[in-house]
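Two complexes, one shared chain (subunit A), two partners (subunit B, subunit C).
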Partner chain A sequence: MADAAFLALTVITIGSAIAALELRSLIYGSIALMGTLGGIAGFFFLLDAPFVALFQLAVYVGSIAVLILFTVMLVKRELIFKKVEDKRRKFAGIGLMMVVMVGLGAVFLDSGIKTITTDEPPVDFRDIGTDFVTYYWPALILMGLILAGSVTGALVLAKREDVENDQRTN
Partner chain B sequence: MSALAPKFKLSEFIKSLLDNAFWMVLLVSLIGLPIIQIILFYIEMPVIDGELLTPFLAMTWLADPTRTLPIVKAFMATDMFRVMAFPGFGFAALIAAATIFVERKMLAKLQLRVGPFYCGKIEGILQLMGDGLKLISKEIIIPAKADKPIFWAAPVIFVATAAAFVALIPVAPGWVVADVDLGLLGVFAVIGFFPIITILSAWSANSKFPFIGGIRALFQMVSFEIPLILSLLGVVILTGTLNLSEIAASQSSFPWIIFLPVGAIVFFITMLAELERIPFDLPEAESEIVAGWLTEFSGMMYGLVQLGTYLKLYAFAGLFVVLFLGGWNGPMVVPPFPEELLTGVEMGPLTVGPFPGLPLFDQEMLNGTLWFVLKTVGVIFFILLPRGVFPRIRIDMLLSLGWTKLIGLAFVNIFIALGLLYAGVLGPGGLQ
Partner chain C sequence: MTNELIDFTLVSVALLGIGIYGLAVKRNFIRMLFAVEIIINAANLSLVAFGRFLPHSGGQTMALFSIAIAAAEVAVGLSLIIVAYRMYQNVDIADFRSLKG
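This part shows the complex of A and B:
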């Protein structure tokens, strides 16, 4: 069962990644990108990490993909992209990708990942929280400061009345 | 002679009806019944009275009312029943349909109109059915230059996403379609899909009004998602769990709205914005951009989007009830199941019963459902109410409200929750 799910997810993820690059229509390309990101969320589910998987869905599919879609819709693609149809470039790209994937695969297979066998229960998100406030507390504080800074920045940017009024008069 | 169908003949009409009936009977008996039998062989059948229920037994028992109950009860324990009927789609669709009717009628009364009146004699009670029939029978028109695959898929995916949202809402103890450990995160993930579907369907219609509406919807939903998520963190901090059933169960003595009223208000406002209700109905502003992102939908496609919208409304109201109003908790008002029905009732010389399979639902579940539905209906009422009263707000006001005021209030709410926790009012050693 898990194997079948893994295979299906692999096909979805890699297939839609290729589609995202190769499709001529940018909208369909970004939908395919959503498929890739959703497939990765599926891998996290398969790895018993539902916390990460749901965040992957909420952040990547729910926000990043929307951002890309939105940008694509507001842009006329003829203005930015010139159609470059070059067979040699294409095959060089595919070849490069194969080399990188084979290299990465060799590294993974060599790293002893095959000897790992685990039947442990999924990590509880409360454990993640406990780790964050004990061992990783500097990282937590740093993240908190960065987030607070960015939220404050967003609020300040949103409150900039002067720019808005200038734009209105133009 | 009618003007619409000048060559209408009653005899031919009746003949066509009889034809249809004949073909239906023929097809059901030749194809339908064998298919049912084949499917029944592959479904895992329950054991009733120590006897495995075979398809043949099931067919015979269905004819005997006293033996039907155990089959019904066994069916109600299956996942299929949960998904299709009770806490899932059927129940939510029923509430959604009732909401549509009540909304129209109530708005009319608020504005001193009569609303639906003629259909069904009594206060237009059959209006909804009439509208449904009209939507089903209308032609589906696709704009000539629309992007057809996305345009066709959008309403279906919209309803599916709304149904996924409904599946996460617990109605009574143990009665939830998907009892996920990270239910609240699941809700955030599902909510994130709505803007995508909206903007895709708006873009695919290839028309300016849907596109403007879609972009407005995207702005609105994305900017209000942040205060929505932040406003719910207070409850998570106090309960220490993301499971919606556990959050509902944690409010047996008091609902969280008592301690977190700020969060509840922020959540309610963001809920109105996510649902595109007045005063935040800019995506569908019918006085400016026809019907917003719904403009090009016709026939049952529009019906599906409408169904999805109201399913979403029910799910949001249910989420509010589960998080802030105590979910299914409430005083026990449902009477206990009459004991004599279990042993058999003596009626003079006759003894009726005992009825095997009773009671179908336990008392706790009925009571929980009753309170959940009452509270949800109340919340839905408050969601509908602004539509009769408020005007639409400007888009810059909407965005500044979402990005500045509501996010700030949501943080205040989180600090209230932390303060309550650290002061020892709630949490370990406190009230709960």
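This part shows the complex of A and C:
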């Protein structure tokens, strides 16, 4: 049976996920997204994974959400509040959401996952470090290269071609 | 543990459903990126939950990889938004017609 902290985190996470998509203002939407990401970090704490939780807080809430907020601020004011929606598409989307939730939920509830409980101690976070430098070391190097490549690619993409160097200094 | 694996899995399924709804309904590039983020977080939650209940360190390791790759994906996605906004002065994907194949 779930405890109070779990229920509170569920309400925060799912409520702010809906708010992130449905609030009229994109700025409030991105702040609500921060709530979702923080709620997930709370779930990681409940799952005895403090290392991943702090990583989530640092990377997602600390950098990605702020990056999104700044991108939203670069967009014109009227676009931030503009909300174009097709009613039929919305109902179809809600139907799709219900199908996914009910279908997958029924499958999981009917499966053996329901009976899985554990009394074993949580995984030591030192094991994660050992994993990274032993079994997963090629993946770690590849991940570093992908990160460097994508950040460089993002910088090249966002660079303005039309502004001359002397204009930039003024 | 008082919380069971099925509780975390159901939260993950709910977040996946909300993300799919966002991707299907929203026509705003930035909101679609929000929906993708929500789906990625649902997957991470499942990874860590299964890793805790097995128990195995692989779940947390994979979640850390996933978070790092998602950071790269957001950086590229946001720069694409900025480029598209500069070209079309809009963030509505219905306007990005010349991107159609």
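Simple rule for what comes next: the second predicted complex is superposed on the first by the 130 of 170 C-alpha atoms of A that agree within 3 Å, B and C clash if a C-alpha of one lies under 4 Å from a C-alpha of the other, contacts with A are read in each partner's own complex, and residues count from 1 in each chain.
In this section, a contact is a pair of C-beta atoms (placed from the backbone, for glycine too) under 8 Å apart; a residue touches a chain by one contact, two chains touch by 3 or more.
Values in this document were obtained by computation on a predicted structure and should not be read as measured data.
Novice: Check the residue A:V151 against both partner chains and state whether it touches subunit B (first), subunit C (second), both, or neither.
Specialist: Touch status of A:V151: both partners.
Novice: Classify the contacts of A:F108 with the two partner chains as first (subunit B alone), second (subunit C alone), both, or neither.
Specialist: A:F108 sits against subunit C, while subunit B stays out of touch.
Novice: I'd like to know which partner A:F51 touches here: subunit B for first, subunit C for second, both or neither.
Specialist: both
Novice: Which partner does A:I31 contact after superposing on A: first (subunit B), second (subunit C), both, neither?
Specialist: first
Novice: Examine A:I40 and indicate which partner it touches, taking first as subunit B and second as subunit C; both and neither are also allowed.
Specialist: After superposition on chain A, A:I40 lies in contact with subunit C alone.
Novice: Just to be sure I read the superposition right, which of the two partners does A:A20 touch: subunit B = first, subunit C = second, or both, or neither?
Specialist: A:A20 sits against subunit C, while subunit B stays out of touch.
Novice: More residues of subunit A are touched by which partner: subunit B or subunit C?
Specialist: Here the partner covering more residues of subunit A is C.
Novice: Quick check on the superposed pair: does A:G62 touch subunit B, subunit C, both, or neither? Answer first, second, both or neither.
Specialist: first
Novice: Common interface residues of subunit A with subunit B and subunit C?
Specialist: 51, 55, 63, 125, 151, 154-155, 158
Novice: Would you mind writing out the residues of subunit A in touch with subunit C in their complex?
Specialist: Result: residues 1-3, 6, 10, 13-14, 17-18, 20-21, 26, 29-30, 33, 36-37, 40, 43-44, 46-49, 51-52, 55-56, 59-60, 63-64, 67-68, 71-72, 74-76, 79, 82-86, 89-90, 92-94, 96-98, 100-101, 104-105, 108-109, 113-114, 116-125, 127-128, 130-132, 136, 139, 143, 146-147, 150-151, 153-155, 157-158, 160 of subunit A touch subunit C.
Novice: Would you mind writing out the residues of subunit A in touch with subunit B in their complex?
Specialist: Spelled out, the residues of subunit A in touch with subunit B are 27, 31, 34, 50-51, 54-55, 57-58, 61-63, 65-66, 69-70, 73, 125-126, 151, 154-155, 158-159, 164.
Novice: Which residues of subunit B touch subunit A once you look at their complex with the stated criterion?
Specialist: Within the complex, subunit B touches subunit A at residues 147, 150, 180-182, 185-186, 188-189, 191-193, 195-196, 199-200, 203, 211, 215, 218, 222, 225, 240, 242, 396, 399-400, 403-404, 407-408.
Novice: Considering the complex alone, what residue numbers of subunit C touch subunit A?
Specialist: 1-11, 13-22, 24-28, 30-31, 33-35, 37-38, 41, 44-45, 48-49, 51-58, 60-61, 63-65, 67-76, 78-83, 85-86, 89-92, 94
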